[in-house]
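Shared between the two complexes below is chain A, which pairs with chain B and chain C, respectively.
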Partner chain A sequence: MMRFLLIAAAVIAIYFLPAGLKNYGIYIVTLWSVYVIAGMGLNLTVGYAGQISLGQAAFWGIGAYTTAIALKAGLPFLAALPLAALLCFGVGLLLGFPALRVQHHYLAFATLGFNILVYLVLRNEDWLTGGSFGINNIAEPTLLGWRISRPLDFFQFTWIATVAMGVLMALLLRSPWGRAFAALRDNPIRAESVGIDTTFYTLLAFAIGAAYAGVAGAFFACLVGFIEPAPFGVNTSLSMLLMVIAGGSGRFFGPAIGAMIVVLIPEWLRFAAEWYLAIFGVMIVVMMVWLPGGILSLPERLRGAK
Partner chain B sequence: MTALLDVQAMQKAYGAIRAVDGVSFSVASGEILGVIGPNGSGKTTLFNAILGQVLPSAGSVAFEGHDVTGSKPLHLARRGIGRTFQSLQVFGKLSVRDNLIAAGQEFGTGKFARLFAAPEAGLGPRAEEIIALFRIGHVAHLPAGSLSYGQQKLVDIAMAFMSRPRLVLLDEPCAGVNPALIDQLTELLRRLNREAGTTFIVIEHNMDFVMNLCSRVICMAQGRILAEGPPAEVQANRAVLEAYLGA
Partner chain C sequence: MTDFLQLIVSGTATGACYALAALGFTLLWQASGTINFALGEMVMLPAFIMLFFIGPAGLPLPLAFAATLVVSLIILGAGFKRLVVDPMIRHGVIPLVIATLGLSIALKQTVRIVYSAQVYTFPSIFSETLLSLGGAKLSVSDVGTVVIAGGLVLALQAFLNGTLTGRAMQAVAQNRDAAVVLGINAERMVLYAFLVNAGLAATTALLVTPVYLAKFDMGDTLGLKAFYAAIIGGFNNSRGALLGGILVGVLENLVGAYISPGYKEGVALLLFLGVILFKPEGLLGKAEERKV
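This part shows the complex of A and B:
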């Protein structure tokens, strides 16, 4: 109950907080919110179901391009969004197949290869994606005739979607499916021997994780108004995986914390100019060595140390 | 009456090693069959070949009259065969209770119905029953991976019973378990056999346990069945004694 109230308070506070920020600040917080959605999906795949993926940014890109193209074609945002999610779900299902055969670093490379493939398609298929010029003037989303054009309104819209996706994820994790995902992660051989269809749950872990990235991509397209292939490369997939691990893989709020690290810290480190990547890198190394369970494992670590 | 499980001419070779080399036996419903034999005699491989964990090189397995040779572990579980492994196999990060529910939730309803089912999939009472039976109530809320070896072993065994299987294969359930717990386990398995009619095949080195529990014993050596019969008879068998001494 206490926990629930705290979470509710945080959700409401975040909803109103950016009102005091300038447009750029609002942009950063919205970007954070978008990353949280993609991170929740990846946390399901990696943290809860025990798979590995270096391809989340590809789904993010598929979601963004699907939305941009659908909006250009005159579809409303509320139709483009499920389209993006469904397409990613389908492609995610396909990406699950390599995971049935290989694991660990092999799977990491298989998913990485997939990301490169998607990147190349985005860059080379000009007729569809605009090639390296990308797609610009992406329409602002309209909800029941109301055009969401103020940055703050768009943030609040994104945040409501993030919370909704979070609630869905929590329900999924609490359902028997959530337990099956964890069983698959903890011990796939034992899981099979107690009737858990690991093939099915492996595929679904990828597909649902990908669908979350698709939703995130839809919001990203509208946030920036202009997309090109660059943000959807392997670098971003690495950042997203870092996000999940740094926040606390397999912890519900891990992606929210992790996204802060990936989105906010580079902003704070701007003062360090060209040193920022080096400082960021050292922080990550230190954290992975001393806190492999992520930021959210800190309380347990401190309790354990007493 | 057809046997519950019927294994014919089972073979499993790893390269030049014939881990299981032509084993045939059958188990009647309600029986408790012991499998003994020196280390490396092929007992675990026999289990794995029966249970679809490895593909047999030759031979056949029938369960309740259906040919299940080479069936996947998943399908054998759904058909009503439970098992435990020689090494500990629990879901380490899940609580003991969740381990049990995970071991029972995939039976019955369809997968998509389960997505919308209550979190415990209606298995709370069954889990409580098993927890009480195995006396693991005091650790039920802890992550299974955090328990002592003996307790994890109990959880591991308990998991095999969640789905009310008709046949359970146990691979060295007593290994690394303290004597008091072994007595408790003997009592438990007897009770599950008597009350639920569950049939068992148990690989075990602990001869007291085998003598107390099993109605029939198979002794394996070098991938073959060396002797078969009532426990006392097999234990006194010359060839069996020599196999153990020679190993």
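This part shows the complex of A and C:
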């Protein structure tokens, strides 16, 4: 109960907090919120189903482009959003099926290559995606006739969606399905021997994770108003994976903490100018050596060290 | 037709370089279960070290290569094992994957800052002359690359199968505990695998950089192609890496020339997906028993 109240207080605080920020600050917080959605999906794949996916940004991109194209075609945001999610779910099934049939680390390579392929399609298929010029003037979303144009309103809209996706994820994890996900991460062979179809559940976890990225992409497209292939490359997939691991993979609030690291640390490291990515890389290595369970495992780690 | 032949030969040369890097990757995976995502950077770094030895240090290319080889063995072989892999390997594969990704970012960005994002030309060990073969013009460097890379792969296979040390390395890869019981120094064998990987990476740099040119992000595509080559050919077979590498190199060239240059980079992925759908152990690999 205490825990529930704390979470509720945090959710409400975050809803009102950015009111005092300037537009750039609100943009950063909204970006964080979008990353949290994509991160929750990836956490399902990585943390709960125990697979490495390096293609989350590709699904993020598919979601963003689907939304942009649907909005250009005159569809309302509330129709474009499920379209983006469903498309990512379907593509996730198609990609995951061959990769998960064999050894599990193959998914890492399949998703990595898939991300590159998606990037190439976004860059080369001018008729659909606008090529390297991208798609600009993406319409602001309208809800039941209300046009969401102020940055703060858009943040609050995104945050509500993030919380809703979080609740959905929590329900999923508590359902028998969710228990099956955890079982196959902890001991896949044992899970299989008690009658869990491991391939089916892993595939499902991966596809749901992809759908979350699609939803995040839809919000991202409306947040930036202009999309081009660059943000959907492999580097973003790496940051997303990093975000899940750094926060604590397989922990529900891991992606929220991890997204903070990925969005905020580059802002803080600006003083280091061109060195910041190099420092970032070294920090990752050091953290993995010292704290492989992520930030949320810090209390356990400190207790263990005593 | 002559174009076709030239595409095949230059594709084979590129593919042979993929194969060299792929082989190092396979060795590390077998010896220690390490998936090394900094593989591409382990080719990029020696290229820049060599440039340093050639430029500011003023050494001729063969000496520069020898010096680079030594530095690579120390830093990318033993150092990588001691500082990054050893502390993490007991936590399983995922933290190590993330750590090597972090390492790849750090290496790339450091080189970008020191050498800037500029492209550097790199001297070739081969002459620029062209061989004439039935009307087709073949470059000496393509043919030479294939010969050197192919020779190295076969030599390495002979070493692994024919010498006591090589067989001990294989024993550790197959069953570490049993190997230790038989008196094999498993730690040492794993270290050898890391050293061989570093040596292969430095050699790949020597062969590939004259064509790819030295740039801080040259490792990105190279590393990925090497992974695919390893899986396409078969993870547990060193000739498999050679076959996989050459297939990827040749098909890329053909797709780039005859279908669409924009999708050249997607060839390896499609080949990879096809292989894992129909022959998941790789074209030359043997199916592995699953450990409970």
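The working rule: the second predicted complex is superposed on the first by the 301 of 306 C-alpha atoms of A that agree within 3 Å, B and C clash if a C-alpha of one lies under 4 Å from a C-alpha of the other, contacts with A are read in each partner's own complex, and residues count from 1 in each chain.
Everything below uses one rule, namely that a residue touches a chain if its C-beta (ideal position, glycine included) is under 8 Å from a C-beta of that chain, and two chains touch if they have at least 3 such contacts.
None of these values were measured; they are calculated from a predicted model.
In the overlay built on the shared chain, the residue A:73 is in contact with neither chain B nor chain C.
Once the two structures are superposed, chain B and chain C can be ranked by residues of chain A touched, with C on top. With both structures placed on the common chain, the touch criterion links A:238 to chain C but leaves chain B unconnected. In the superposition on chain A, A:117 makes contact with chain C only, while chain B stays out of contact range.
Judged by the touch definition given at the top, the superposed model places A:249 against chain C, while chain B stays out of reach. Of the two partner chains placed around the shared chain by superposition, chain B is the only one that A:180 touches, whereas chain C remains out of contact.
Contacts of A:5 after superposition: neither chain B nor chain C is touched.
In the superposed model, A:109 lies in contact with chain C only, and not with chain B. Shared-chain residue A:194: touches chain B; no touch with chain C. Shared contact residues of chain A with chain B and chain C: 189. Those residues of chain A lying in contact with chain C across their complex are 46, 52, 98-99, 101-103, 105-106, 108-110, 112-114, 116-117, 120, 123-124, 189, 234, 238, 241-242, 245, 249, 274-275, 277-278, 280-285, 288-289, 292. Within the complex, the chain C residues that touch chain A are 35, 84, 87-88, 91, 93-99, 101-110, 112-113, 220, 224, 227-228, 231, 260, 262-263, 265-266, 268-269, 272-273, 276-277, 280, 290, 292. Those residues of chain A lying in contact with chain B across their complex are 172, 174-177, 179-180, 182-183, 185-187, 189-198, 200, 250. Listed in rising order, the residues of chain B touching chain A in the complex are 51, 53, 72-74, 77-78, 82-83, 85, 89-94, 98, 101-107, 111, 114-117, 119, 121, 145, 159-160, 162-163.
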